[in-house]
Structures are given as structure tokens and as C-alpha cells.
Amino acid sequence: MLSKNVEVFMGCDKGPRFASTMLFGAPFDSTTSYRPGTRFGSAAIRHESYGIESYSPYQDKDLEDANVIDLGDLELCFGDVNKALDRIEERTRHVLHASKRPFMLGGEHLVTLGAFRAVAAMYPDVHIIHFDAHADLRDDYLGAKLSHACVLRRCWELVGDGRIHQFGIRSGDREEFSWGRTHVSTRRFDFEGLEETLKELEGKPVYFTVDLDVMDPSIFPGTGTPEPGGVTFDALRQAVTLVCSRAKVVGCDVNELSPHYDQSGVSTIVACKIVREMLLALQP
Amino acid sequence: MLSKNVEVFMGCDKGPRFASTMLFGAPFDSTTSYRPGTRFGSAAIRHESYGIESYSPYQDKDLEDANVIDLGDLELCFGDVNKALDRIEERTRHVLHASKRPFMLGGEHLVTLGAFRAVAAMYPDVHIIHFDAHADLRDDYLGAKLSHACVLRRCWELVGDGRIHQFGIRSGDREEFSWGRTHVSTRRFDFEGLEETLKELEGKPVYFTVDLDVMDPSIFPGTGTPEPGGVTFDALRQAVTLVCSRAKVVGCDVNELSPHYDQSGVSTIVACKIVREMLLALQP
Amino acid sequence: MLSKNVEVFMGCDKGPRFASTMLFGAPFDSTTSYRPGTRFGSAAIRHESYGIESYSPYQDKDLEDANVIDLGDLELCFGDVNKALDRIEERTRHVLHASKRPFMLGGEHLVTLGAFRAVAAMYPDVHIIHFDAHADLRDDYLGAKLSHACVLRRCWELVGDGRIHQFGIRSGDREEFSWGRTHVSTRRFDFEGLEETLKELEGKPVYFTVDLDVMDPSIFPGTGTPEPGGVTFDALRQAVTLVCSRAKVVGCDVNELSPHYDQSGVSTIVACKIVREMLLALQP
Amino acid sequence: MLSKNVEVFMGCDKGPRFASTMLFGAPFDSTTSYRPGTRFGSAAIRHESYGIESYSPYQDKDLEDANVIDLGDLELCFGDVNKALDRIEERTRHVLHASKRPFMLGGEHLVTLGAFRAVAAMYPDVHIIHFDAHADLRDDYLGAKLSHACVLRRCWELVGDGRIHQFGIRSGDREEFSWGRTHVSTRRFDFEGLEETLKELEGKPVYFTVDLDVMDPSIFPGTGTPEPGGVTFDALRQAVTLVCSRAKVVGCDVNELSPHYDQSGVSTIVACKIVREMLLALQP
Amino acid sequence: MLSKNVEVFMGCDKGPRFASTMLFGAPFDSTTSYRPGTRFGSAAIRHESYGIESYSPYQDKDLEDANVIDLGDLELCFGDVNKALDRIEERTRHVLHASKRPFMLGGEHLVTLGAFRAVAAMYPDVHIIHFDAHADLRDDYLGAKLSHACVLRRCWELVGDGRIHQFGIRSGDREEFSWGRTHVSTRRFDFEGLEETLKELEGKPVYFTVDLDVMDPSIFPGTGTPEPGGVTFDALRQAVTLVCSRAKVVGCDVNELSPHYDQSGVSTIVACKIVREMLLALQP
Amino acid sequence: MLSKNVEVFMGCDKGPRFASTMLFGAPFDSTTSYRPGTRFGSAAIRHESYGIESYSPYQDKDLEDANVIDLGDLELCFGDVNKALDRIEERTRHVLHASKRPFMLGGEHLVTLGAFRAVAAMYPDVHIIHFDAHADLRDDYLGAKLSHACVLRRCWELVGDGRIHQFGIRSGDREEFSWGRTHVSTRRFDFEGLEETLKELEGKPVYFTVDLDVMDPSIFPGTGTPEPGGVTFDALRQAVTLVCSRAKVVGCDVNELSPHYDQSGVSTIVACKIVREMLLALQP
């Protein structure tokens, strides 16, 4: 067939009508504080997904059977944060209005705010499960309210206390940790208590945001702010599988892959496998 | 629009009916003798083409106006050379039968043989213009007849003496140079005589094959067999523009980008610009 | 002496009172359209300057004798373009008010706008000499007015027609080149006509902005938007020496080094030498 | 002494008469499906072996005392799989006929087939112990029977059911896992059960093939198909020591190091240490 | 403020009078046996320290409150080992005479000898706690007495038997291990017994030297002689915290970061965090 | 043949009796002032020489016909400069006493001193032709007399005024250039005057030392102290061919390749080709 090239995340080629999950990329990194480059994350994940298998021996499921479509990357304006967030919010709203589950690939963590605005508008009682090395609870970063270091604080403003459940946190300034104690639930360093949280949230809509830097940089060096002392790939794989198969996930994202910082390509492959396991676990 | 992601070389998104040139990738490198990795070439060119402009100040033309479609990459079998060449020949034949001009992105130089078989079948009087650092005229390489070091010799077997016009050659073994003297026309080191050759070939069908390693590795390090002492980017840009605007090019290819060997990404951008200038010069 | 570590560009350690030129870094890259990372440029230039000699055999001058102080890098807010530009403008104004010449190290090219605002306020009749691969004359980039692709257009708004003198331009969209024809003076590809321009501008205040990507990526791969077909190091060295020794330079900048994209470190050394030659040529 | 340069894996310089183990390289990667480059593996292991000590504190043994000779790399033809396998089989046969143990360094995993053909011809009752991330049990890969993804299937055709004992497998397509259940013994993810297997195989000839990608890519990124979720270096070190000291190893190989994908060089050092520990454990 | 640029390890900007710990770099690597480059270690640690937070959630302490000054790097002569060691000894003596604690950043491990000479002169009863992958107990290396492979042997000559307490050792030649048994205390592979050692040394002056290659190269590839099989970041973090908070540390160093061998930058960040945790634990 | 692996520079495998030129490596870099790593140069040149052809179309000669033996690398002691130089001198003397021409591959430039001592002892009237970016005429570097920055000064001490003929020099401190004016002959920036120098030196013994950094870092980034503004590969190729075919070269060296700084491998290939052209031109 002599037609235009279609390129999707492995196996995510179902027609828009049949898909229940819609994947899209949000290549944006203008507020990254340390090392930029996550703008290349979503395309790298799509492109390198062919380096892994569509079948998971962990779940005994295959992406060939999954109802997912990959819509490609948004075109976002670097340097204009509001425009970029609006564009992400709009796309997420379209997906939600089509009764599909949005699954966004970052980009830096701030992109979560765009998607979450649309999700919170449709599900006012939504909770957030947040995996990350960083608390991301600053009120501002060098004066900027819209920074990847503040993204969960901005989300909190939309839903209030008791709705954010953080795991794996191991970095932040003194005030973030202190403020967090009274407003969000923070599990430091690992995923202990995740099962309990999932029980609590049973039946409630959940937005699930995974900052891949929750993993140790030994296995995931390709990120903007690597934090030694993180969880293993297997720990994260099990945790995301748990959330995606147990919680009522109405939207989710995976972010902070900065592929150029890992010449070996391993970080991208790691991201691909986490995405694969999440997509498979989301399948009924 | 919530539809499957389409990814093409910048501006090469015309419908198959309206396109006059059809771009496709041949990601193959199994016979590469020194450093493999050209299999990643065509996808890198497609992906990074957005790093340059669609408008050329050299030709004052814009790819937005060009009638080109990008069909994407073939799926080729590594390790089975015959199968891979057959697949390339078949694709080229389809394009020719649709009355379009095939424009192939390698891959290693052996892929030229697949495309040229189809071209020579349709145009028995075809000539080859060949830009390269290497003569590629060996009869075999360690016993293998199908090797990127032998590709022009295999093409010669299809058309005979006096049909191959090489430029820029600066590497080969003693026998290649010696054999070449009586069978092909070889200009060493640069493009001198190209205008004369083009005059000679006026009105005759031409297959144009560009091994990007004809350039000096200072500007094009991302290749399998870098050969210091090559031509500049500007010299190549002018030469390909000349060929594509003057000769009756019935098929062409650009090959031997091995992007992983150039962490700076410059080699890929160089390839993108050469492809852009060729596509623009091919436009009537 | 057991005191806090001082770190400056080689030889730029004169006291603030005695210095006539003040060097400072503007580590910002939030609007970069293709590949970010110029935020690391100024610090890399400072740090690696010790890899070259303070003495120039080209000019037979030594930085040890130059009256320059290095003030270090500004702390700029990623993601908030206006705040960053204000901060740069403020610093430039302070330097100008102290009767010193500001010499800014980028960062992406947009930082020029911040410095130029302060310069144009003090010298309303100022001209700009602009070395670049890119015209940077877009009215907006994906809707954003403050983008590195628009910086000279924004500068034009401050001073009007006939004040901007571009050299080396080899990339842009069709409209930029077309608009430029009636508003600025553009020399494509090289520095021809630079002497004439300098004669014209004799005695007039000049702001000199050097986008290092005017050089060919063979010698300067470490940049966000490499454009093959550029000038050589020697051509640029001679041109900047000419401008700095002949024109009445009231402010200048050197930008767009993105060091992480050149693992060999050569791009940073190239930037260091260009800065050295400029600083020496600026010495009376 | 003014004689030709001899280069061997550290300590493997015993005369051919006295050596009991013969090391040789099989630099071949033409069928690699994802990222090629294992052709550089054996030479890198030889060259970098001087970065580690010849003494192992784990086993309290020293390579200086080991009876090993390093024969260097075979010259293999890229692009002609059958020729390459024949050449490997021939070399292995020579070693076996000299009553020595062949120890081959890959190259991609397909090279195992060449060596195993010679081994199985001499020891028809031979078993295979196979450490790998991938099952390698496909019947074909995109139509090719001779692919690194099919190598254990090809070996199975030589010896039949119940002879292949896999450990560490964590990737494959659905059919491989399904087929494997009735034909080979597969331990997923780790080395549990290895001691039992060794007991079973006591006294029987064993061919031992180690695909280094069985390790987690955090410690071994330099490979063609990295699979997150693998075993640690220490787990592999202990397991290979166990096999080499307990089983009757009549031949073995270590493969799939692709050194260019690990700029840090760590993967090569890891491979060197695994080879050292195996060589030491093989010493009586 | 228009003054010369001051650059220090994050938060280490206290005035020399108020500081209790003085940080300085010893960029030297002339005796490195395998891969040089640790000369860039101290500057990289200083420069990249801004990529982590000053606050530690592990210790709930903040570097902003720590009494530390960073004096910058010594200028050391490559190729003249004695001159370099003298210069380091002199600097250490100055710090000690100012009643401050010297905290040196290497450089290769031999720099420890320079600092330890000054420390041992002031504290003749000093013990050494030594974390390392390598025993460093050779009497000479290819005839040289002053080599990083001999540094602990040279230190032993200053203080004698029973004073050196090694942990994590997993590499050396046969004689080092054998000699070590009767002269120093060596814990192989990990930190078991550290608490007991700290109890023994209670109240006694301790020099603490941390060779970062004690960590596994999965998390710390950026070093001259990577040794697979090392401790995790968390294990080292806990162990250094223990030593720095419990022992009477009169001087310490952290060495063997060779940043260019880790393009991802993770190794440098790892070093920064270890230094941060040590500085915080040293605070009363 | 089951014998120990022999590894030589391509084609340099003639028996010691028949060889007229003896190649050997001097892997040493302890005095390198900026970026070390040339210790890996000679082995890289040997290893990668198989990436080029043995036949030169420039000279129409083939290394297969050349009478050269490659003796491999010396084992040199890092950190002990005198020992290393003695070892080099001894090896050179052995080669000279066997009536062969020594051809040394560095290593840093200081290794020239070791070889030149032996050459000057045998040929007291020897001249030096020196290609380099750096004058290397300092009396000392930070107090060290034996530094790569002083190597030609040390050579001068052996032979006196009028014997050293430098070409291509473009970097040094003020004093070097000044001192040089009265003691050596220095051509700055290029090779102008080389023919005249060769005429002058006709019949006189010449030691020829090539610091590869005389080339522009665009084509030779893999070196310790890259200096933009150098000569092209072709200019150097022609110049070395001229010297080797015209002068009475009694010894020579090629140095300052630091391969790890050029991930693309091009610098090593450049070095290989320069060595090939020199070896061929030295053949009668």
C-alpha cells in the first residue's frame, strides 16, 4: 500500500472508535529547572517501543489485544507555558468527551496540570496517585507559579486536602515536606502503603501520574533531575500494575524521560516497558 | 482529530495520487563491513527533518509546495540479504508502476541494488550517477557477493560498461581501482567533470545514488566507514542540486547515515538538508 | 588564603572599578524550538576557558592585560520569559550606568532582547550587527512573540528600519526572508560587505550579537539548531575581530552554545576562543 | 624483544600445548534484530581485560595460573550467515579435536549455533544450560530461520526435548513461551532451581551459553536488546561460578556485549569479570 | 552587585571565620593506572551541586545551616607527583592550623596521602576508615611507590599496623590481600562490622577516606576503575552518615569521580549527594 | 592455526628481520595539562586500522608491500615521568641499533623526548621537523620541566639553535613565541615554507614529530587540547607525505590522539590514515 507513514506505540493502532484508551504525547520542557530535554521523551517512547515485545510475561497479556490508539504528539509552544497547558487541557477534554481514557506521555511533569484540569472538571471528586522522587509541592520556583517543581501544588489547588497520595518521594526543600504534612499524604522513598491507599480509593476516580525519576538513576539515568536512592524497575513495574489493575483510573500520564542524557537508550526502553505494563493492566 | 499518528519527512504529506515522488526507507545494514547502524538512518532522517526549515534559501523553493509522499520504512529481515533485496525491489517496482519516482533512504549502500534492479528492468538504458568515498566495485567481500562493498559491481552486471559515473571516490583496494579503469568512469576525490557528464547524459534515464560518506567526516561523522579527505557540505549540496535539476532522474537514493555514531545529531541534519535540496531540485 | 572560591573567565579578574568591560552569563533556553541546553553555555565557557591560552598570536595581545571582570551568571527563571528578560535588562542597565560595556554570554538568542532593551534606552541611535545562521525575523513562533526565532524582529520594533545588519544568514522561512528585504540588511551565507558596513557605521553606537551557529556545525556542533553550510572558525574569528576593533561597540553578546550536544568539548573551546578574540579586540 | 605484538585476554597466554581451554572471538552481528554492534564485543573484552585484576577474591584463584590460550578473533563474513556459522563450527571442531575446551566470545547469540553444532557432533548426549533475558525459541524471525531470536530453537532441533535448561528468561512473544513449555525447561526471571538442574546433569556433558543481557541493564546497558528487570552482577557471577565448577562443561560461550552502546565502558568490564570468573571456575 | 563571580559547593558559602569545615579540591590524576580523568572530579561536584537540594530528608538537616566554606581547587602540577602531594599537604596543614576540619575532593586516591601526612603530623594516633573497591595496598605499581594503587600502603608507613580499617574491598592482587591480613583490617564486599569498628574508635581521631568506586558501577560508572559487584548508593549513604556522625572525624576526603566517563551526569550527582550527607552528618 | 593472537597495525606484520621500520606505542599521558587520555591512542590506532584500506589512492602504494613490523605498546609507569622516558629511550635505542627506523605512536607529546634522546645520541647533527598547534617551548609548566608543554624546549637543549623547524603553530604563551624567535624556526598557522625547509635539510638526518592537534578540531576533536583554526586533513596528509618521501627521516612519531573524546571514532581513523600515508611515503 502506497500511503502516508503511520507511526504509533507498538500495538496501539486500533481505530479511534474501538479504542478505549487514547495515548498522546506532550513534548514540553520549558520550565525544567536543571536539565531540559524531556520534550524528546514521548517521541522516543513511541519510536523505540519496537525494541521490546508486545507480550508481557509478567501479566500474560499482549498489546496486540489492547484497545489503544496512539494519537501522536501535540504541537506545543516552547516558552509560552499557558498556551501549552491550554492545548493539553483541550486535547484531554476531547478524549474524555469521546468517553475514552487519556494516557499522556510527557514532557516534563508540569504537563500533568493541563491534563488534570480537564480530568478534575469532569470528575470533581478525583484523587491523584503520584509516583515521584520529588514532592513537587513548592508554591513557586524562583517566582514562577507554573513550574514542574510546583505541579502537584497547582493540582492541589484544584481539589484540596486529602486528595493527593504521593509515593517514593526523596527530594524537596524543607518547606515542601513541612507543608505537605498537613495537605497531602506522602510516603517517602518507596511504595509501602500502596495497597491500603488503593483500598481506600476503591470505586473513586483516580488520576495516576508517574514521574519516572522515582526509579533509581542506575536504571533510569535519562531524566532531568536524577535522584540517587530510588526504587528498582521491578518495584515500579509492580506498583504501576497494581494501580492500573485495581484503581478506577480515569486518566494517567508518564513523564520526565529525557532521552538524550542516556546514550545507551536503556532509559527509553525502561519507559516503554512501564507504559506497556500500564496499558496491559488497564485492559479489563 | 483523534486519529492515528502520521509521521512523514517534513512537508512530504501529499496524497498518493498527487505525489510525483515517493519517499521510503530501507533500514538494512547486515552486510556492513566496519561499523553497523545505518538501519537507523531513514527513521532518523524522517524524525529530525523538523529541525530544519522546509524553505531553501539556496533554491528559493519550499517543500510545502513539493509533490512528495513519505511511505515510511520497509520492514526488512536482518540476516537474510536476498529477502531484503527482494522486498526493496518489489516496493520500487510498485512505485514505478504507479508512474512515480522512487526516492529511497538507506540503510547501507547495498540497498541500492534492490531498487536498481526494478529501475533497470523498466529502463534498460539507464545510467548511474554515483557519489561516494568508496568505489564499491569489489567482486566479493570475504567471499560474499552481496555486500555493500560490491554494490556498484552488482549494478554493473545489470547494465554493463560505460553506464556508471562515479564521483568523489577516495578509498578502495588496488584491484577495484584497476578494474574500474576499464569498466566505469571514476572521478577521484571531487566532482570535477560533473557538468560534462550531465551534458552527455541529457535525455537519458539516470539512477542517482548518493553515499553520504562522500562528505568529509568533519561534517558527517555519523557513518559506518568514515573516510577523511572528503568534500564539503556545500560541494555536495551544489552537486546534488545540479544532478536533480538537470538529469532525468528516474529513481534515486541517499544512504549510509549511521546516526548513533554522531551524538551531536549533526550528521542526521546534514542528511535531512541534502534530501530537502534533492527533493526541491527534482520539482519541475 | 583560605577564602571563598572565585571563578572567572580566564584573565577576567580585574576589580570592578578598573574593568571597562563586564562579562556576565544569561543561562536561559525556555523558548528554544528544537534542542534546548544553551542554559549550560555561559558556565561552560567560563569553566573551560582555562583550556586555552590567555595570549592570542593572532592579535599579539594577552587577556592578562585586559580590563575585564566576570560577574558570573544571572539566576533566571525557566518558564517565565518576561521575568527572565527583565532580569537581563536590569543587569545590563546597571553595567551601562556604571559606564562599563556589557558583554553577555547566552543562553539562547532571545536573551539578546533583554540586553538590547537597556542598550537601546541609553543609545536610541544604536545599530545592530548580527552574525547568525538564522534570520530570527519571524513575527511569532507558534503564536509566541517572545521566542529565539523572533528576537531580531523584536529588536527591530525598538529601533526601526535600516538599523539591523545581518551576516551569514542561511536559514529561515519564506516570509522572514521576504519581510527582511524591506526592513533590514541581510547578507546571506558569509561576511561579504562587512568592511563597507563598518565604514557606514563609523562613530555610531553598535550592539554586536553573535549567534555562534553562524559557524559550520563541523567545527561547532554543540548548538540547538545546527545548520550545515556555515562559515569557518577563521572566518568568524576575523570578522569578530574586525567588528570589535573598528566599531564603537557599546554592548555585545555571544550565544547559542549548547555544550551537552558536543561530547568532545570542541564547541565550548571554539566559543572560548571567539570570546577571547572579541575581548582582546575591544581593548583599546 | 623486537617481535610482533601479541594481544590476549589477560593471563590467557599459555602455549597451545599446555592450555586446556581455548578462547576465541566470533565477531558477528548480521541477524541482530534491534541494535547491532556485538561484532565489537570480543575484541573489547580482550582489550579491556587489563582494567581488572587477574586475581579473584571471590574464588581466591589467579588467571596467571590458569591453562588458557586466547586464539584471537575469527574473520567472519558479514551478511552471509551460513558462511559465518560454518567458520565458527570449523574452529570449534579444531579445538575439540585438539582435546581442548572451546570458550567462545560473541558476537550476537546466533554464533552459539555454530559452536554447538561441533559440540553436539562430538557429544550427542550434550545438554545446554542457557542464561538469557530472551527465550530465543522462535521458529523464525520475519521469515529467517537463522536469527539470534531463534538460536535455541535451532539448537533444540539438534538435540530434541528435555535438553535445554533456560534461566532468567523475561522476554519473548506469546508463542515462544507456549512452545517452550513442552520442549525445554524455562526458569523465568532468575536462577532458582539451578542447583537442582546441576545435580540432574551430574556427569553429563554440558554446553553453557551465557547471554549477558540476562543481567539488568542498569549494570549492563551495552547490549543490543536491553531488558529491564534482570539479575544483578553478583547473582550472575555466583551462577556462572556454580555451573563452571560443578557441571562437566565441554564448551561454552559468552555473548551479546555491544560495547559502543555503553560509553562508560562498564558493560565491557562486567563482561571481562564474568569471563574471568568462568575461566577460574573451569580450572580444576 | 557588580563583583567577581564566587562559585562554591551549594550552601558552602560561610565566611572563613565562621566555617568549621573547609572544603577544597585536589584535581590530580597523574598516577591513575587505567582510565584518567578524576582531575575533573572536584570541579564537577562543585558545579553540579546545584542539581540537588540543600535539604536532606534522610537527616532532616539543611546545608544552608552548615558551617562550611568551599575554598575551591588547588592548582596542581600534572606529572610531578611530589610537588602535587606537597601542595596538598601544605593546604591541609593550613586548614588544620586554622582549627578547621579539612574536607578534600579528589582527584585520584593518591591525593589522600598528601592530606593524611598533615593530619598524621598533628594527630599521631589517628586511625583511617577507608571505603573502597580496591585494597590500594601494593608496595609499588610498575616500580612506582607513589601510585593510587599504593596509597593506603604509604599511609600505613606513617601510622603502622592496626590503624587502617577497610570496608567494601573487592579487588586487588593476591599479595595485597595476603599482606593486608597481618597489617590492616579488611572487610570485603560490604560494610558489615562498621558499627563495631566505630565503637572501638570512639574518642580517637579518625581520617575518613571514601573512594566512590566502592559503589557498584551501575550507579557510579564515572570512575577510573569500575568494579562490578559494589555496594548500593543507599548502603554507602548510610555508612558515611554513620561514620561522620559517630566518629571523631579530623579530616576526610571523597575521591575517584571521573565525570567524563558518565555522559548521563548521574555519577557526579551521586558524588554531590554523598558529600552533602557527609557535610550534614559532620554538623554537630 | 591454534596459536596466540597477534595484533598489529594493518599490514605491519613483516618479520623483524625484513622490516625496515619498527612501529611501537608509548601509552603515556601523565603530564597532560588539560584533558588526559592519549594513553589510549596507540592501541586505538592499531585496533581501528582495519577500518581503512591498506591501499592509498593518493600514493598508489599498498601497506601489504611495506616492510614494517608493529612491536606493540610499551608498558609505561603512570606517574613516574623519568622511568617512562627511560623506557622509551631504551626501546628506541634497540630499534636504532638493529638498524631500523623507529616509528612511535603516542601518547602525549612528551614521549617524543624519550625517543629523541636515543636518536640524538646516534645522530648528533639531527634536525627536528615539528608539526603542531602548540609551540611546546615553555621552560617549565607550573614548575615541571618534564611536561608535554615543554617537550620541544627539552629537545632544543639536546641539539641547540637552528635545529627545530616548527609548522602550524597557533597557540602558546607570550614568552614561548618570543623565546622561539631567536632559537627555532616557527611557521605559524600552516605549512608554508615546508618545501624550502626540506631543500635546506637535504641529506641531513631528520626526526619528524607530528602532533595531530595541528589539524583543525572539526576533523580531529579527539585530542587533549583542541585548538580551533588548524589545518585540514588534506593539508596535513600532503605535508607528511612530502616530509616522509623527501627528508632522510631517521625516526618519527605521531601523537596526541585521545580517542575517548571523540565518540564518533573519526579522530582515530584520521590518525590511522596519517600513519598509513607516512609509512607508505617512507617506503623507498
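Think of it as A, B, C, D, E and F in the order they're written, each chain with its own count starting at 1.
Please note the rule applied: a residue touches a chain if its C-beta (ideal position, glycine included) is under 8 Å from a C-beta of that chain, and two chains touch if they have at least 3 such contacts.
Computed from a predicted structure; not experimentally measured.
Q: Among all the other chains, which ones are in touch with both chain B and chain F?
A: C, D
Q: Touching both chain B and chain D: give me those chains, sorted by label.
A: Correct list: A, F.
Q: Thinking of B-F, which of E-F, A-D or B-D forms a repeat of its interface, with over half the contact pairs identical?
A: It is A-D that repeats the B-F interface.
Q: In steps of 5 degrees, what rotation angle do you get fitting chain A onto chain E on the CA atoms?
A: 120
Q: Using C-alpha centroids, which chain lies at the maximum separation from chain F?
A: It is A whose centre lies farthest from that of chain F.
Q: Whole-Å distance, chain A centre to chain F centre, using C-alpha means?
A: Chain centres of chain A and chain F, defined by C-alpha means, are spaced 55 Å apart.
Q: On a C-alpha centroid basis, what's the spacing between chain D and chain E, in Å?
A: Going by mean C-alpha positions, chain D sits 38 Å from chain E.
Q: What residues in chain F touch two or more of the other chains?
A: In chain F, residues 35, 216, 218-219, 261, 263 touch at least two other chains, as defined above.
Q: Chain pairs in touch?
A: Touching chain pairs, listed by label, are A-B, A-C, A-D, A-E, B-C, B-D, B-F, C-E, C-F, D-E, D-F, E-F.
Q: In the complex of these two chains, what residues of chain A are touching chain B?
A: 2-8, 13, 16, 22, 43, 46-47, 69-73, 94-95, 98, 100, 263
Q: Under the touch definition given earlier, write down the residues of chain A that touch chain D in their complex.
A: So the residues of chain A in touch with chain D come to 50-55, 57, 62, 216, 218-219, 233-234, 237, 263-266, 269-270, 273.
Q: Quick one: which bits of chain D touch chain A in the complex? Just the residue numbers, please.
A: Within the complex, chain D contacts chain A at residues 34-35, 169-174, 177, 188, 216-219, 221-222, 225-229, 261-263.
Q: Would you pull the chain B residues touching chain D in the complex into a rising list?
A: Checking each residue of chain B against chain D gives 29-33, 35-37, 39, 75-81, 83, 110, 141-144, 146-147, 260-261.
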